[in-house]
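Labels A, B and C are assigned to the chains in the order they are written; within every chain, residues are numbered from 1.
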């Protein structure tokens, strides 16, 4: 395996009394699509800006391609950014915007022209070279911003919520496009977003941050199925949580005593000792309603979503339960008594 | 125009607008009135304009005024641009101190700090004259220029400068290629305004000019004092045309450039 | 923005021109004038000696100067009131017009303000002359019978100040009034308030910050006015600005001139403090 594209060791940042980022350790594999997700104010953008050199960390070391760049100013870092508002220069046209960085490198004219032309083809904007940023649609502006950063052949490309200002349909299109572009150029993308679905659809790896703390890093599936904290479980999709205590091992997992539901089997991290208070997390789509086993619950509401139906249940002391069932499955109605169940493989324990 | 609903205020407004324009109309009419005593209309003439333009005091005064105004404008712009950029990154207390000093320079009666500067110059045995006048004008001119440039920096998106730095531009290059073009409309407007204010000044000039060539407003002032001559009307109209043109250009610069830049600086919410 | 201590230093240096300039050519001179106001001058040798006495301030009580001080304040307050009386209806009228008319009317108000200050004041001489156009008009209306006796009196100065400073009053009031939605006035009327009460309970309170700003930026500079009394007062009716100038440039009693200037600053400081409550709202 090659050296990580980015490695962050103990990097922290505070603004006065406010801690934006707690000492953070993170390695970003080379040539990967890496996302940092979290709610607004979680420190993801600050982390990105420290990578770009637009903020100075209070402590720690940042390496890009093995080189310490902690004290290197932004304009000397082999890193480029696609900004949230795109930050296209309003007084320059598309061509000049894309050529901006190469001109700062004092490249020869022919090289600049050639590289800009190639980049315009890559982002499919050939023909719009002389347009001003404000004459472009949101999606086109986004592509100019991407071209402007990529044309410099950065070691790492940073993207700060680059699709945030676009409507849903365009977002989906551009997500695919971004992922394709990343594969084609083979550059490490570090992508910041508050939208976990967006991050999951594109990323090789995802880091979840909350209140300046890195909660979990892993492949999207791993983070979704095996959240390491309650925060991650809730932030990444919807989750039913049952409080209980570990009563003992069971096969590859554990037995957990959940009040109001008896003992359930669930997977969990290694080394949990009996008696420990835990939460068992089950995703709504893994909840079954017509089990022979399980615990009884009453349907309180059903909403039809097309391909699926979202069912709210009341299971007494367990609190409300959310289940997602196939849209064309057995119809359930408000007031129905059902048996709620889930398999041990779909239940995950959070200490 | 909506008038009927506001008959009273409409009447007052009409009178006030007449009040504001009447004196200027009188000056304009008299500037082409061939009666030298201006007591009645004696027919059209351009003599007064010809006389005014060939008056050596007026010509020397004009030259002195333009020199002073240009120098004071340049100095004011340097102060306004650096100051506004400092203000943009300053803390709350720094900003408040900065703003107070700006407003103080505009509010304080001119005669007060003109005398104060006069005192400094004479007690320290520095020479009064053109340089002293430029220094004096720049005290308030820089404050007006700062207000205008500052308003512009406040609406300049810092992400643009971040983007330039991110793309490899050093701080100086960021200023040259991004900040400066962004501030240009404000700099043009502030410059024209400063030039006009300086062009118009009497009090500061009076105190600090020493025995150097009197500026145009001072020349006009002494002409007024030594009895009314129809020439003054012509000079007045010429000066008026000049200042109105300057202001109009400044006004259009702000509107034109400002609107264009504002539209393109806004977020990409208006696709074609 | 950009990493590095060097840049932080660079950013600090940006403040240098402003603060350096203001310190050297504004604050230091003001302190110096305050210091000199406690000195004494020999009117024979023009030597200035510092014995920290209050004689200069006592001299202000001399009727000759005290009258001028009072006249300056009265003229400034009167002219401010005049500006308010004329400016408020105008600002209100403009603010109730459709946007295009608003802009046009504002240009009508501002353009005279763009013309040279001396020329504008000189234009008033033309207007107010004993046998000038205004006199003709008033005689035609049988308001007066002889020549118009206004020029070279305090009234002429007052009219001149109103004329020159009026746009400074109209603009801030207009800005405050422009924000009042027509629907708001309709709502007040709907709730049973007659036109007069709508004005008293809705328009006036909302316009107050603009009125305060207008009064301050008219009243304070007007107190130190020099050109207007010089031209329209005919050298007879003087204001503080003229006496200060004379003390400095003609008589040579710099300490006394300084004391007058410091008094003017004092009056300004009191005015600013008194109106602070209103103007602060506007600044936000």
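Keep in mind that, in the parts below, contacts are C-beta pairs under 8 Å (C-beta built on N, C-alpha and C of every residue); 3 or more make two chains touch, one makes a residue touch a chain.
Remember, it's a predicted structure, so these values are computed and weren't measured experimentally.
Participant: Need the central chain here, defined by C-alpha centroid distance to the all-chain C-alpha centroid.
Facilitator: Smallest offset from the overall C-alpha mean is found for B.
Participant: Counting only C-alpha atoms to place each centre, which chain is farthest from chain C?
Facilitator: The most distant chain relative to chain C turns out to be A.
Participant: With centres defined as the mean C-alpha position, give me the chain B-chain C separation in Å.
Facilitator: So the centroids are 18 Å from each other.
Participant: From the C-alpha centre of chain A to that of chain B, how far is it in Å?
Facilitator: 54
Participant: Provide the C-alpha centroid distance between chain A and chain C, rounded to the nearest whole angstrom.
Facilitator: Averaging C-alpha atoms per chain gives centres 60 Å apart.
Participant: Spell out, as numbers or ranges, the residues of chain C touching 2 or more other chains.
Facilitator: 1-2, 7 - these are the residues of chain C that touch more than one other chain.
Participant: Residues of chain A that touch two or more other chains: which are they?
Facilitator: Residues 53-54, 73-75 of chain A touch two or more partner chains.
Participant: Quick check: what residues of chain B touch more than one other chain, meaning two or more?
Facilitator: Correct list: 162, 165.
Participant: Which bits of chain A are touching chain B when the two form their complex?
Facilitator: 52-54, 73-76, 79-81, 83-91, 100-101, 104-105, 132-142, 148-149, 152, 165
Participant: Touching residues of chain B toward chain C in the complex: what are they?
Facilitator: For chain B paired with chain C, touching residues are 1-2, 5-6, 8-10, 12-13, 15-17, 19-24, 26-27, 30, 38-39, 78-79, 82-83, 85-86, 89-90, 94, 98, 101, 104-105, 107-113, 115-120, 123, 135-136, 138-139, 142, 146, 158, 161-162, 165, 171, 196, 199-200, 202-203, 206-207, 217, 220-221, 224-225, 228, 232, 235-236, 239-240, 243-244, 247.
Participant: Along chain C, where are the residues that touch chain B in the complex?
Facilitator: Residues in contact with chain B: 1-2, 7, 10-12, 14-19, 21-22, 25-26, 28-30, 32-33, 36, 86-87, 89-90, 92-94, 96-98, 101, 105, 108-109, 111-112, 114-120, 122-127, 131-133, 163, 166-167, 216-217, 220-221, 223-227, 230-231, 235, 240-241, 244-245, 248-249, 254, 257-258, 261, 264-265, 268, 272.
Participant: Enumerate the contact residues on chain B facing chain A in the complex.
Facilitator: Within the complex, chain B touches chain A at residues 157, 159-160, 162-170, 173-174, 177-178, 181-182, 261, 263-272.
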